[in-house]
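Below, each structure is written out as structure tokens.
What follows is a pair of complexes built around subunit A, which joins subunit B in one and subunit C in the other.
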Partner chain A sequence: MQKRLAFHLDMNACTGCKTCMIACIDKNDLADGVLYRRVSEYTGGDWIRNADGTYEQNVFSYYLSISCNHCENPICVRSCPTTAMYKDENGIVSVNPEKCVGCRYCEWGCPYSAPQFNAELGIMTKCDFCRDYLDLGKPPACVAACPTRALTFGPYQELLDKYGQAQLVAPLPDTAITQPNLLFTPSRKAQPAGSRNGKISNPEEV
Partner chain B sequence: MLGNEWSLVLFTILVQTAAGLVVVSETARRAGDVHSPRQLSWQIPGACGLAALGLLVSLTHLGSPQNSVLAVANLGDSWLSREILATSVFFLASLALAMVRWKRPERSASGLGILAACLGLADVFVMSRVYQLPAVPVWNTVATTLGFFGTMFLTGTLATGVLFSIQSRQAQQGDPQAAQQRTRLVGVLFVAAVLGLALKLIGLPLDMIALSAADNLGTSGVSLLASAGTGLLVMRLLLVLAGAAIFAWVAMRILAGRSAALVQASLVALCLVLAGELLGRFLFYGSYIRIGL
Partner chain C sequence: MPSNETSAAVQAGNGIRRRSLLKWGAALGGVAALTGGGLFFGLKPVNGSPGKKEELFWTACTVNCGSRCVLRAHVIDGVITRIETDDTGVDVYGQHQDRACLRGRAMRHRIYAPDRLKYPMKRVGKRGEGKFERISWDQALDEIAARLKKTIETHGNESVYINYATGCTGSVMSDSYAPASTWLGRLMNCLGGYLNHYGTYSTAQIARALPFTFGGSSVNGNSFADIVNSKLVVLFGNNPAATRMSGGGQIYDIVKSREKGNARFIVIDPRYTDTAVSLADEWIPIRPGTDAALVNGLAYVMIGEDLVDHDFLTRCTVGYDEDSMPEGVPEGNSYKSYILGQGADKTPKTPAWAAAITGIPERRIVQLAREIAGAKPCYVVQGWGPQRQASGEQISRAICMLPILTGNVGVQGGNNGARESGVSSTFARYPTLTNPVKTSISVFTWTDAIERGPEMTATADGVQGRDRLVAPIKFIWNYAGNCLVNQHSDANRTARILGDEAKCETIVVIENFMTPSAKFADILLPATTCAEEDDFADGAYTAAMSYLIFARKAIEPLFESRSIYDVCAGVAKRMGVEQAYTEGRSRDDWVRWVYGETRKKYPELPEKVEDAFAMGIWKKERAGLPAVPYKDFREDPETNPLKTPSGKVEIFSKQLWDIAETWTLPEGDRISGLPEYNPTWEGVSDPLREKYPLQLIGHHYKQRTHSTYGNVDWLKRVAPQELWINPADAEARGIKHADMVKVYNDRGTVLIPAKVTTRIMPGVLSLPQGAWFAPDKDGVDHGGCVNVLTSLRPSPLAKGNPQHTNLVQVVKA
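This part shows the complex of A and B:
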């Protein structure tokens, strides 16, 4: 298996259809309320008054399909008291269900909501990059399902060479916290990181 | 916002009260030069009971408590592992201290007493570090540490005071030597309570700055409080201040030599402060707001 895999999201191509979310739920047979991949809709804008007294709008809306970013400096792994959360030799971060105590401390610290608590099992669960599919040479379920090819994956360096390092967009957190293996191509109206212009308009979905 | 975190509210307050009992009573013991096995001897067993109860309650927070023995496996990186170790070690040291004094009441075991008090202080510090996560700006301030130490000094002092007043109910008011010692003990309690209150009040504006951080839903800690919590925040402050005021009145009465002990009044003071602290800790967990998605 290739090492240090990353996701790439082309925000210009993403229509917010959420097929990736559904494919993930289906593949992992996720319990109600548990989501390994979430598509957030970031929306904002207002009417702007021009000098001549006319008005125009500057509304924007864009989608961010985010799962675990299998970070280089995963705060979940550092926080986990039992070492149940671990980063394997290929760089994939996952939970050892035999060790997890279900304290949910990883959930508190992750700025991407990657660790998801399964109340029925009493342990944390999360995206494992469809490790089983990768072993078979298949892409992860979310990537395979994307109808617009907005979501792709590959070795981090390859994706970086292809797409370059884009400016961070809101409301993604500072990459210095965890060094995520996530690359994206921003859309035209993407707001700069730290912007307070918008808000997530579909909180009940993510 | 976090959901139901009652187990963590109880765990942190019980353990911080236990640490306060050990720190304050051991300080009072040294300041008052106490050697009698009939004075300040209930505080350490009391602290053991509270710490044990706190550890038991913390298990109810876990989804898979059967794996809890593994929770000290990541001491190198995880503050949560360190918290569990620090609390366990503090509990064991206090238990050892209680056992030594119970078996041999003539021994003051002051070395072990100092060790237990230091472990209590270390534990409260480690507990506060657990919450200082870079993705949670509301908690990631020194105000968390100040608040936890404030709780430790306030509740620990009042609990020490209640046990002290019950134990010295039959004290002779006329005995000048006992009165002098009592003055010194109550003086220590008074200073510790003022310290606790001061830490709480210093933390308050810092808390407010941290609470102004908003999440990506446009929700900030301030807006959470404004919608549901302003009354709770005010009530929490009033409860703590009322409790501290009653405690100060009791301390003044004893210092003025007008009374040996006022059990009911100090019990009321403790209950008020505990209620305020429970409410405050509930608000602390309720103000959880994380950056990112």
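This part shows the complex of A and C:
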């Protein structure tokens, strides 16, 4: 298996369709309330009504499909008191269900909400990059599902060489925190990281 | 089984009868299945179960988004445990993978949904109440045959109606639309025929109107693949990110063409759609139903600044100016006269005039006119949202005026303003025989035909094939459709019409689930899903490649469900026409017959159907450049005339002028020779806005294809039903994001959470169409069904469904 795999999201191709989410739910039989991959809608802008009743606006919106980024410096691993959360030799971050006590410290630490608490099992669960598929030479379920091919994956360095290191977009956290293996091509309307122009407008869905 | 138990179970909506549980439950380890909490038959994950042999089958999603997707079912012990999609080949565009959207990928929870119909049932409560008792297939088919016989004897064949139903329209062997291509149609044709309908709920107005401008029976635009050759793309209410989501089809086509070409993209829509989010350089919000007013304002600038293509207008059109008008029409009726205010209304259609109606600033209208006229070529394309309006016929023709004025018809990288077309490969079809009945009504007027059939005439109600209907509708077949209530307008009034058993005497519904329509059945029959039978599907709505899908039976039919072919054969037998209907063939024989006939068209297909089923999908890359409709006409209109009376593009249609002279229209309705802007009932200028100030539309939403998949929990989880409302309208009413709100007008009330978003224009609400009607005891809908609020009043010419023309009020619940 290749080491240090990363996801790449082309925001100009992502329509927010959420096929990645359903493919993930189906593959992993995710329980209610558990989402290994989430599509956030980040929206902002204002409307101004002119004197003649017409409108001006500067509305923008874009979708961010985010799962675990299998970070180089995974805060979830650092914050796990039982060593259940671990990064394997290929760089994939997973939970050992035998060791996890469900304390949820990893969930609090992760700025991407990647570790997800399964209430029925009482432990944390998360994206494992479809390790079983990778072993079979198949792409992860979410990547194979993407109708517009906005979501791709590959070795971090290959993706970096192909797409470059784009400026971070809102509302993603500073990459220095965890060094995520996530690259993206920003959309036309993407706002710079730290911008307060918009907000996540579908909180109930993620 | 006692009937009351069944009724209770069915009403509860998750009424799996545990005692009679299913063989796959046992296969999963009966105890686990029986204690599974009620949902999804207690189906537990069995992925990776040791010692269980997994089999893979290609199947398909055949619903009515128009695209078709191949799915791969993982099956363990007769149970589908996972759904994948096309992962074959190298995924190079043009031979790319036909990747299903989120809905197809949720198929497992659709097939095993808790409201899956299990047995034939007979209504025991009031019609629409949803109370049924289980009966045998023999009893069900006997009763249907007896009722059908009686209806035909008493009221004639023209009282039998096959309702518009597109839940399986992508299927070949279990096709549900159009009636004339279905087994139900074939059955009825063996029995003397049935009342036809024309038009569709998707395209009623545009399909009727554009042939008056361009001739022929249907009008197609250039494909999305042609956008690579365009300088500017202008989408009017066209949102493939929600309507054509297949990764084998048009959303991928437009994303790829956007990436490969250099066109600027403008989206004109009341909402900042998902297509606009990913593709648009600019969004121009517009008030619903006012596209024709915008076009008028743009035309005023183009004419005033002499930006029109005189060569194209002179050679290829009639009705632009007074020199090219048909005979018999008084002066002042040309398009130029209308736009410049020299016609009957004496109103110059200035950008300021258009701004006041559309909500788009005057300055932007002026600039947009120059942009569209200056971009050579320019690709103007409309979806089917703008035409689903009270004057939708005129809107659809008006949008086409932009390419006509600028000469973008019939050129590579241009478009005539109609919706994009594509490439297709198609299976052969089994013969459905001929309907002896020639009478036809508009798809939208069947409730009218129940209430006052013989009063309906050709010139007042759009009856075709007869001057007047001879009978009201007394018997309705409804297979794989939710237009009985959910997708038809004014759900409450429709429910009242259907509830009167003295009017429509029999309703037979053949379905997978307990849909809002199924609740109105007298006899309710459980149908197989695609995964439970062999089938085929034509690839459709694609621009770069076409394909054929071979969908193999993956699991046994659930419970007692049966294929539509066998249902009809059972009725045919009881009506004495079994041989005429079956020709001695079983469904499987017909599968092989269809495959054999299809191979005559595509000899490169495998010899044996089994090998095709193993292959799953067959693809054919488009050869050459994208086709350009009307190219030959444009180059030489004399040699290659259009099928209009003049042989040219008819900006002014004398045919429509004559219809306007002869038809009887209700107050306020208007048909005109020119594509004029018509203010309408419940439009922007209706005085009713004092009471109901907000315009309501119902956009297509990723959770569902129309109403199909509307019962699937996974989809509701990732894409919940919500009312879109602008922050300005929300704040004025004290509504915050996620608050429960009440949307209402004189027709009904819907309770639904609010999505407060800048992505919709002030003054406009949108409630995504297709959510399932769920009225409480007071008649308030808790499902978020937009058709509680839509009107049964048809559009003037097509008599089509104006489901985006609604005025409402909203308050915090």
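Observations on the model:
The rule we apply is simple: the second predicted complex is superposed on the first by the 197 of 206 C-alpha atoms of A that agree within 3 Å, B and C clash if a C-alpha of one lies under 4 Å from a C-alpha of the other, contacts with A are read in each partner's own complex, and residues count from 1 in each chain.
Just so it is clear, contacts are C-beta pairs under 8 Å (C-beta built on N, C-alpha and C of every residue); 3 or more make two chains touch, one makes a residue touch a chain.
If you're wondering where the values come from, they're calculated on a predicted model, not measured in any experiment.
Contact with subunit B, but none with subunit C, is seen for A:84 once the two complexes are overlaid on the shared chain.
Applying the stated contact rule after C-alpha superposition, one finds that A:63 touches subunit C and leaves subunit B untouched.
Judged by the touch definition given at the top, the superposed model places A:99 against subunit B, while subunit C stays out of reach. Shared-chain residue A:173: touches subunit B; no touch with subunit C.
Within the superposed three-chain model, A:200 lies in touch with subunit B and out of touch with subunit C [touch as defined at top]. Counting contacts by the rule stated earlier, residues 203 of subunit A appear in both its interface with subunit B and its interface with subunit C.
Contact residues of subunit C toward subunit A in the complex are 45, 47, 82-85, 87, 91, 99-102, 105-106, 108, 241, 245-247, 251-252, 255, 258-259, 272, 274-275, 277-281, 283, 285, 352, 355-356, 358-362, 702, 714-715, 717-720, 726-728, 737-738, 755, 757-759, 761-762. Per the touch definition, subunit A reaches subunit B in the complex via residues 38, 40, 42, 64, 66, 75, 77-84, 98-105, 108-113, 117, 119, 121-124, 170-173, 177, 196, 198-200, 203, 206. Residues of subunit A touching subunit C in their complex: 11-19, 21-23, 25-27, 29, 32, 35, 39, 43-47, 49-50, 52-57, 59, 61-63, 138, 141, 144-150, 187-189, 201-205.
Subunit B contributes residues 61-65, 67-68, 70-74, 77-81, 84, 130, 133-136, 214, 216-218, 288, 290-293 to its touches with subunit A in the complex.
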